[in-house]
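Two complexes, one shared chain (chain A), two partners (chain B, chain C).
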Partner chain A sequence: MKKLVGLFLVLAVIVVIPAIESAFAAGDEPGEYLDRRAVIWNLFFRMMTIAFVVGAVVSGTMIWQCWRFRESHPKAKPTAYEGTDW
Partner chain B sequence: MSGHSNWPEWIYVGVVIALMVWVGAEAWEAERLVEHVPADAKIIKVTGQQWFWTFEHEDGTKEIGELHVETGKAYKFEIESKDVNHSFNIHDYVILMDAIPGRVNTVWFAPTDVGEHDIQCREYCGLIHYNMRGTLYVEEPSS
Partner chain C sequence: MVLELQKPRPIWQIMFSTHHTDVGLLYLITSVAFLFMGGALALAIRAELFLPGAQIIGDAMTFNRIFTVHGTTLIFLFIIPFASAVGNYFVPIMVRYKDMAYPKLNAIAFWMIPPAGALIWLGFADFTWYATPPYSIISAPGPAADMWIFGLKILGISSVLGAINFIVTILKCKHPDMSIGQVPLLAWSFLSSSLIIIVAIPTFAAALLMLLTDRLGVSGFFNPAMGGDPIAYAHLFWFTFHPEVYVLVIPAIGMMYEIIPRFSRKPIYSYNSGIFAFVLLSIVGFSSWAHHMYATGMSFTEKTVFMIGTLAAVPASAMHVFNFIATMWNARIKFSTPMMWAVGGIALFFSAGAGGVANAAMPLDFSTHDTYWVVGHFHLFVMGTIAFGSIGYLYYMFPYVTGRMYNETMGKVHFVMSFIGTVLVFFTQHVLGLYGMPRRIFDYPPIPEWIAMNQIVTVGAMIIGVSMAIFLINMIYSSGKGKLANTEDPFGVGGKYYYPFEAKNPSH
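For the complex of A and B:
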């Protein structure tokens, strides 16, 4: 339970609070206009960061699986359908 | 299968869904912010036609091929076309909106720094599309 609370606290800090701040920052006050360049390019760079991180994690997992579950791995065990004649 | 655990799969599914929700929320939020036009934005009518841009300010002043605006003010472009599809683009301010005959599309911006920026057409619109350009002059406020 404590771990869950901690997780949601971290999520709140990195996602929710900045989103709320930026929502309220879109003011109507003269001279305090939103800079669309900042919003759009920030979104672009964040999306690129997410895309590359996901790509690295997925491809890294696949590479690790190929390395770990190869027949020649020291800890490899035959599965039931492969028989026990190793 | 006895002894089989599929919790890694559920974690994977959860992470993927969380990422998709996050990405969608961020994009939605950015779109909402960018489309929120300030109440005091000055309206500039933008008309695209083969192969030049015409601008009309609120006070009736018209400009062809060049547009003068002031820093610290917000401007809302009402973009339309007289003939074929065009696309109104000010690259330096990340403005890109189609100009379509019979339809008014809007986009707004607030220039921050004095300078000159290119205006161009970003939808192939005929022979001289490549030269359907203009210049945005951002100046100090007059008053």
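For the complex of A and C:
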């Protein structure tokens, strides 16, 4: 679980840093130049890549566990709480 | 006794009762009625946009009226009253108290909703659920606009009264043997969302009064011709309504916290992280309102602050998702209808959140602002997460309310069709937004990609419409003629229930 939290923390940092960078890169000083279109789409593709990777992992996990832990699965066994007053 | 429909009573006994289950039943019936009314308007909108040009709605003004009332109805007259229905039924039972803290206030809070709904529907205003100034104060036709303002004012008072009741019931009326750390997560979700309401709603209440006096011409708060500023309204509105998003979503997540462990046959993986995430969401909900206004000329520093404030909601939301996944791990899951809705809701909650992260990044927001991306994102939350959680919970509470079981096959068909329809409609709307289609338009140019995607969206909406018809038939038929439910364990999953059917009603 800790590794998973670590992974998501890293991904969150990867998202936040470029977003802040591009926010400050477009400063108000005259003469500064930023190709906003390129920056925005660059950021978009980066974030979509991360979103799809994380989404695929989480959704894949959910789909797998719905299949594996359904009560009709051949390997399904009662949880430790069944039959108790939990 | 909760089994109102198993032991029928004259309707006036329920209408004039102040008991929490009776008021809950009134909330339930009213909110579901408004779900169908608002949903019918959504189908009209989608039928109109199936092709470019005028289709079934004659003119742009009528179209504007329809989507204004659609949004207002489903947010204020379905989602919030439905949450109140669940809270009324279950919160007093969960904190082991005989009723809500202030039963009469509770009934008054409910009885404000029908007149407010009547004002909104009889007026049929046209200025969007945001009541866009300066249009709303200069040229929006009355009395529709004024009726909408009064309707929202009444609904705001109703929400605040309900919130006070929930807070006092949970904090002051819980059983002395029960610490706040033992209160079930569903009740915690009502505590969190009620606290948000108390802080957030007064701002919008003030904004509504200012809007009304502006319309009457006695003030010019938001009227540029009188030195006012429409952006000030945007700040007041979003200070209330960004946190309001969490008011809508937190009870739905609380409902999932009831369903997921029950059908996984395990306790929730981490009760404390659930509480922590609710409290965190309640706080960070107030740090992100201006992300709706990146395009209004705010400074980069302000935008960055609100961008980070918005992203702060991600860890709290992710905690809920991981909590659900960890609970289902190594479980023996029974996929009855409520569980299917809850799991579907979690999956769509995650997708909606991912889109929200992209949307919160201010450089991207400029590309997606006021496009169909925003419509897709918002609806993925309200339909995909909140309505899925709510409908799942409606199936869950159905045997307790009626004493009968719904038709399981019809419930599953309802879920599958709604899930497919929701993905078709709202995922496609994201792409449509990236292709540049603006939101809130009656007509659009015949761009082949736009036409194709609008048609996919309309087909998806019709699939949801058919599934909702199945739902309605199931609810009506099963409540009268469904199989008698074993109210001690209606879903056959074992474990300990809150036994709502044992709640004693001294006034019956």
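Quick note on the criterion: the second predicted complex is superposed on the first by the 46 of 86 C-alpha atoms of A that agree within 3 Å, B and C clash if a C-alpha of one lies under 4 Å from a C-alpha of the other, contacts with A are read in each partner's own complex, and residues count from 1 in each chain.
Everything below uses one rule, namely that a contact is a pair of C-beta atoms (placed from the backbone, for glycine too) under 8 Å apart; a residue touches a chain by one contact, two chains touch by 3 or more.
Since we're looking at a predicted model, the values are computed, not measured.
Asks: Looking at the overlay, what does A:L43 touch: chain B (first), chain C (second), both, or neither?
Replies: In the superposition, A:L43 touches chain B and chain C alike.
Asks: For A:V54, using the defined touch cut-off, is the partner it touches chain B, chain C, both, or neither? Pick first, second, both or neither.
Replies: In the superposition, A:V54 touches chain B and chain C alike.
Asks: Please work out whether A:T79 is in contact with chain B alone, chain C alone, both, or neither, and reply first, second, both or neither.
Replies: second
Asks: So, does A:L4 touch the first partner chain B, the second partner chain C, both, or neither?
Replies: second
Asks: In this superposition, which partner touches a larger number of chain A residues, chain B or chain C?
Replies: C
Asks: For chain A, what residues appear in both contact lists, the one with chain B and the one with chain C?
Replies: Common interface on chain A, chain B vs chain C: 15, 19, 22-23, 26, 28, 36, 39-40, 43, 47, 54.
Asks: Looking at the complex, which residues from chain B come into contact with chain A?
Replies: 19, 22-23, 25-27, 29-30, 32-34, 36, 38-40, 72-74, 92-95, 109-110, 112
Asks: Quick one: which bits of chain A touch chain C in the complex? Just the residue numbers, please.
Replies: For chain A paired with chain C, touching residues are 1, 4, 8, 12, 15-16, 19-20, 22-24, 26-28, 36, 39-40, 43-44, 47-48, 51, 54-55, 58-59, 61-62, 65-66, 69-71, 76-83, 85-86.
Asks: For the complex, which residues does chain A have touching chain B?
Replies: Residues in contact with chain B: 15, 19, 22-23, 26, 28, 30-31, 33-37, 39-43, 46-47, 50, 54.
Asks: In the complex of these two chains, what residues of chain C are touching chain A?
Replies: Interface residues on the chain C side: 264-267, 300, 303-304, 307-308, 311, 314-315, 318, 321-322, 325-326, 328-335, 343, 346-347, 350-351, 354-355, 357-358, 361-364, 366-367, 494-496.
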